[in-house]
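Following are the structures in question.
Here come two complexes built around chain A, the first alongside chain B, the second alongside chain C.
Moving on to the complex of A and B:
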């Protein structure tokens, strides 16, 4: 059978495809490749370069003027304006041309010139013979028109406006793009494409959910991502047999490494710029139709201390900001427990004036300190939950304001000690500082530590913290240790943990995440005055 | 996994009622002792006096205004622990010693022997070994009953005073160390209750004619654990120098050519080195003192910013240090006959074999020893004024 394959056209194309793959492999930039006369071969070549890009649309049709002439349109769904394409290009070439020039027969060799002069109802187009230009044009949102028998492609300007949600409410950014993902999968993929115009950005689509039949897209950058990781994610996704997937949280729970852990091992984001950065570090993203929340794996614990602003603002500020986030994490976890332990067991740890002022506040309080803190924590959580249900802008103000007023009143009435209210409210506010999904874990663990500190004092608190630390050390996210690059320590990756290295010094991608290609950029990009020659 | 978690949860639930928070003591169920005093009464009993903080009076607005900040209560008994039990019948809360800043011994108690007191405070977990040890002239009880204008309690005031090291300050562990060593005899800060007239703020109407307040007034000298005498403030500074603690001292000497006018020099840094020499019979010590200071005040009008004047000042400064040291040495060797400087420790380091024979009669040997003092003094700065404005010289 293999012998005869050569004789058929499909076999021939298959061979072309194989050869072409080799060429691309040997010359990744595909700079030298020019178009061929054969439409079929051109299409195959583009398909090879843009393989696994499910958002690329290939549309071939017959030229209305001459049924012998085949045409093909290539564009990216979501990025190009498909209304303009069908109205102004397809409609003209497939239907309306005969009406313009009735009776006149156009030969194959005249077709290109004719289309350019009379066929296209589009204001702006270019011609090219270079494959490189074509790929770039497609990925930028332009539409390529290929004409059979001509080694020239017409690039039609069809860059549409990607309808994304602007970040007017919710999280405010100090600096950086305001764009957010939306519920539509195609728009979301286009949002990513707009940031990474590389043919290596692969978008593979599947269906998930026996009843809901939801579209799900796996996004990664070939050449940067670890191939094994992609295979692992795919195999985990394939195992999902569920009725419906309504939000990416379903997927998260079905592909997690450690389903019983309080700590999330799958990260998520709504920001296209953040997602692009994660993809460029070698992560895999999972997009789901119907939700703006995109999952990313593998997830490291340090990600909760990194924000997009860290990378946009001046790098010298980053360590300070990250230090604050880290301290907030520790405060969220242990401050109330530490307070209980010290006040009810270890008075000797406090400086005399501080002990006296604690004691003064507590003179009138009827409850033991453990109960007091516990009640106050519950009150704070109630207010926070209420705040979540209220309209977003009012919600936070109500919850924090109510906490303050309630706290002040409780102190005045003599139910609570001032120091307790300060500790609890400060802890509550600290828990807002770092990423929400991680703060949930710490908020819950905090209650466990409260009980430990209330019964066993510092001994209990430290044992609790040790258990948490041990647990975190055992966690893995898709094969990557959760606490890396801190534990296990991977030298170069520490450049983005405590501080963020300036961009001219960020030479490599995370070692445990990215695949073989770890080089991010060239050396010697640091700006410096030009030397006199 | 589920089984494991369930198992751990059950285990925890089973354990928690067992341990029952046995050492838990709420902060409002304890009596915080700020200062402790021990006296020896005329009837031959120990009297334990504690100054207990009243936290309610400690905070500004939330607190209850004009209440007394502390409560001084005492009990008499044979031992300190017994006295504490007696106190427990009077004080409605548990006594907590861990914040006690000072331990004051009454004069009689110190003469009777400090071992009866310090043992309790060293043996137990709660009291800290870093509390300041002091000997009160008179009774410790009176000392604790005074109050301070700036600090909330007299115990805190005394604690801050000793911490600033204006005099010779001793913590309990340092005292215990001196007591344990045969090469040095212990000393402890002397405190006194002074009656002074005080004008509170600008309100002249309310002038308090007499107010009792605490003051550091020198050092108490011990032989073993018994008080044998006092050093006054002037001598205490000499003691600081000879014990290699040049902190916050001032030397005042007459101006080189105007002998009725004084010049004050603030000590910046200094060090003392003691070199023992022993030939089997005669014991000799050479004390090498090196001092650097800044001139901070001049009463006269002469121009001191000249090398020869500075030299003269330095010489006079060295003489003054020498004079004080000799006075102090004579007192220690003659009147007390105890080595309060720690010469014995230096001797021990150099002559290990000889020390074995001499250690039990060290105080006698020390009293007989010949002591030479060599002082090197330097003036480093004369501060902002070079020449007095009204200087007669050009």
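Moving on to the complex of A and C:
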């Protein structure tokens, strides 16, 4: 008999859920929805709205004063202060109320008032009947208390302090939030939630690694992301059969499109604000427990020329900054090779005074220019590696001391020409300008081009550059051509490549990344002074 | 289909420009100026007309047989055996033309830039780079071309810088040579512009086949524009006598440039543009030969043919001529009737007539 009742109840709930999905589909903002008297139905509705949000905690329990009355708590793990919730709400309602008010029997209809007056040990709360308010409260880090038999929810203020890492010594920001991701997955998801308080921000969690059993979370915004992309990422993640994943680099290598390429086709970030911006463009993020490095796909090459500051500073400055980054990339790739090609094959290119001074410098140098540059490049890479390994303060001393002293001494001793030292050090500095993960590719390719320029001069250099360009054209990241929107060109997307469109003109999301919903904002946001009528 | 990629109309235009322009700018001015003298620019206009006509024929044929390349519809029109024979001839023609292009390249690099390097090194490197692009298919070829084509803009920049060296009187008097030399001078540029026949291999892979006419015509017009610019540049700087006596007059024109005392010897820029353009010119013909052979042999995949065809190209480009004089003589005397009359105009015209009269091929795409 009991079984039968349960079945019908489950069937009924299933029906409610189906109907509710339709309602949500017709009215995405769920504005008009009001709570019902039935706790089960309310819970189901919230679960429908917040489906695929694995960080939402539903906790139902029995009210200590009357075993007939069921209560439910809903909050977001990581965002709400769970210590406060268990101590001041759960402990009070499930345990301590009968001690304080012994013997009093509370009926279902009195329960809400009683809880408000005597049950809750919390300083701030609100009441609401609107589903919209409830969802907003949950996503803001508040805790919802639902009481069976009442169409009113109590919103308890439980917004905790999310313990993020402040950007004290990593990359310095000119402008923008200093927060960084940390090693804890729950805190990281909370950091994202704090920026995007939408029920459409989906966080799906599963496990990877037979031995390590690491939590991994797939984060995207439903309605913006391309559904096929989510399915593709999921299927690639599901294929991973490995004993342990210790850092997101493992995942990156296991899901990327072009495992043999030097160029990374999965981007990563440690900045919550940057990640939020990427999610809003329709990308999918992969968070791994135990590392602050979050992966994002699909990854386009142009991302390496975009920095968060580009979007916070004045937009007119951005083209200049991006041009500098682009030039730095070219310098990193070809300047030493160009120097070799010109000095050893095409000296007619140099103006005569410059040629004479080059010749004068090089007179005492015992090596051919190719060998000279090659040795100097290796020395620079050694210094760089040493700087990476040493503690920060010593690292700086080593690199400055070495660069200055070693360079000057090498010239004085007649090992190197001054021009070679200038070229190599400037190239080294330029390679720091754009993102590290892409710059490694260019640093390595640079040595290949050195050999080509040393053997075939400019022709060899150009051939090498052409091969690199062709190679980059073959790359794809989760189906999106790596060099888009430049090649192939997609007109509207160029608004965020060479320049950055001002926010009042950034109308659409990238076409090749986002799904159907490409509209970012309304037209006519351009500010203008109030006209007197 | 052998090729799964699709390219946009703009990519196709860029590909066609890269296919015709690089060697045209290099070799054509001297040959045309020798015949038409200071009216060479008018020869280019006549050649453009011929080029447009060929482009029209090719696109018309291509649209009659949607989703089919030259090698596929040639059999539909003529039947199996004659179609196979003609298809084989076209494969040969693509290989031959490409070998000539590679040779021109090697000759240019060896004489103008690096005289001490054996010419075969240039051939091997150029073919290897093109092979890498061809192996990755049409999409990659056209994307890489799109990425690197801005170097062509450098050609225009170079033209602006040489304005101080120009004298307008050097192209006067107009129409001095008479009609026949002008038409005769148009033959060689027309044979270059007729290379648009290769577009027949690309029409099925356009994402919007409707725009095929526009693509072909725009490509021809843009190439003609650049070609006229470079001929005029050489003529205005050197006059007809000197221009006609050099092998690469445009290259010499750039050598004359000197801005202030510091910016001079800019020819390396033009070398850069030509070398980059050459990868794609050779790449397109290479691709046409490889894809055509695969379709001719009814293979499922064209990639296995890339390496053998590349080896043939390198060998052929070395064996085909003894030296630069031989090569230029061939380009001047044999190439126009052989390429223009047979492969670029003749066979497409015959095919079009048979297709129209015999009502072959599907409806044109509206």
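Here, the second predicted complex is superposed on the first by the 518 of 533 C-alpha atoms of A that agree within 3 Å, B and C clash if a C-alpha of one lies under 4 Å from a C-alpha of the other, contacts with A are read in each partner's own complex, and residues count from 1 in each chain.
Just so it is clear, a contact is a pair of C-beta atoms (placed from the backbone, for glycine too) under 8 Å apart; a residue touches a chain by one contact, two chains touch by 3 or more.
Nothing here was measured: the structure is a model prediction, and the numbers come from that model.
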item	value
Which superposed partner A:176 touches (first chain B, second chain C, both, neither)	neither
Which of chain B and chain C A:368 touches, first, second, both or neither	first
Contacts of A:418 with chain B and chain C, given as first, second, both or neither	first
Contacts of A:462 with chain B and chain C, given as first, second, both or neither	second
Touching partner for A:489 - first (chain B), second (chain C), both, neither	second
Which superposed partner A:358 touches (first chain B, second chain C, both, neither)	first
Touched partner set for A:479, first chain B, second chain C, both or neither	neither
Which superposed partner A:345 touches (first chain B, second chain C, both, neither)	both
Chain B and chain C contact sites that coincide on chain A, given as residue numbers	345, 348, 456-457
For the chain C and chain A complex, residues of the former touching the latter	8, 10-11, 109, 113-114, 117, 121-122, 125-126, 129, 132-133, 136, 139-141, 143-144, 146-148, 261-265, 268, 271-272, 275-276, 279
In the complex, chain B residues that touch chain A	1-2, 5, 16, 19, 21, 23-28, 30, 32, 34, 53, 55-59, 62-63, 96, 98-99, 101, 126, 128, 156
Chain C-touching residues of chain A, taken from the complex the two chains share	345-346, 348-349, 351, 456-460, 462-463, 466-467, 469-474, 481, 483, 486-489
Residue ranges of chain A touching chain B (in the complex, touch as defined)	260, 343-345, 347-348, 352-353, 355-363, 365, 368-369, 411, 418, 451, 454-457
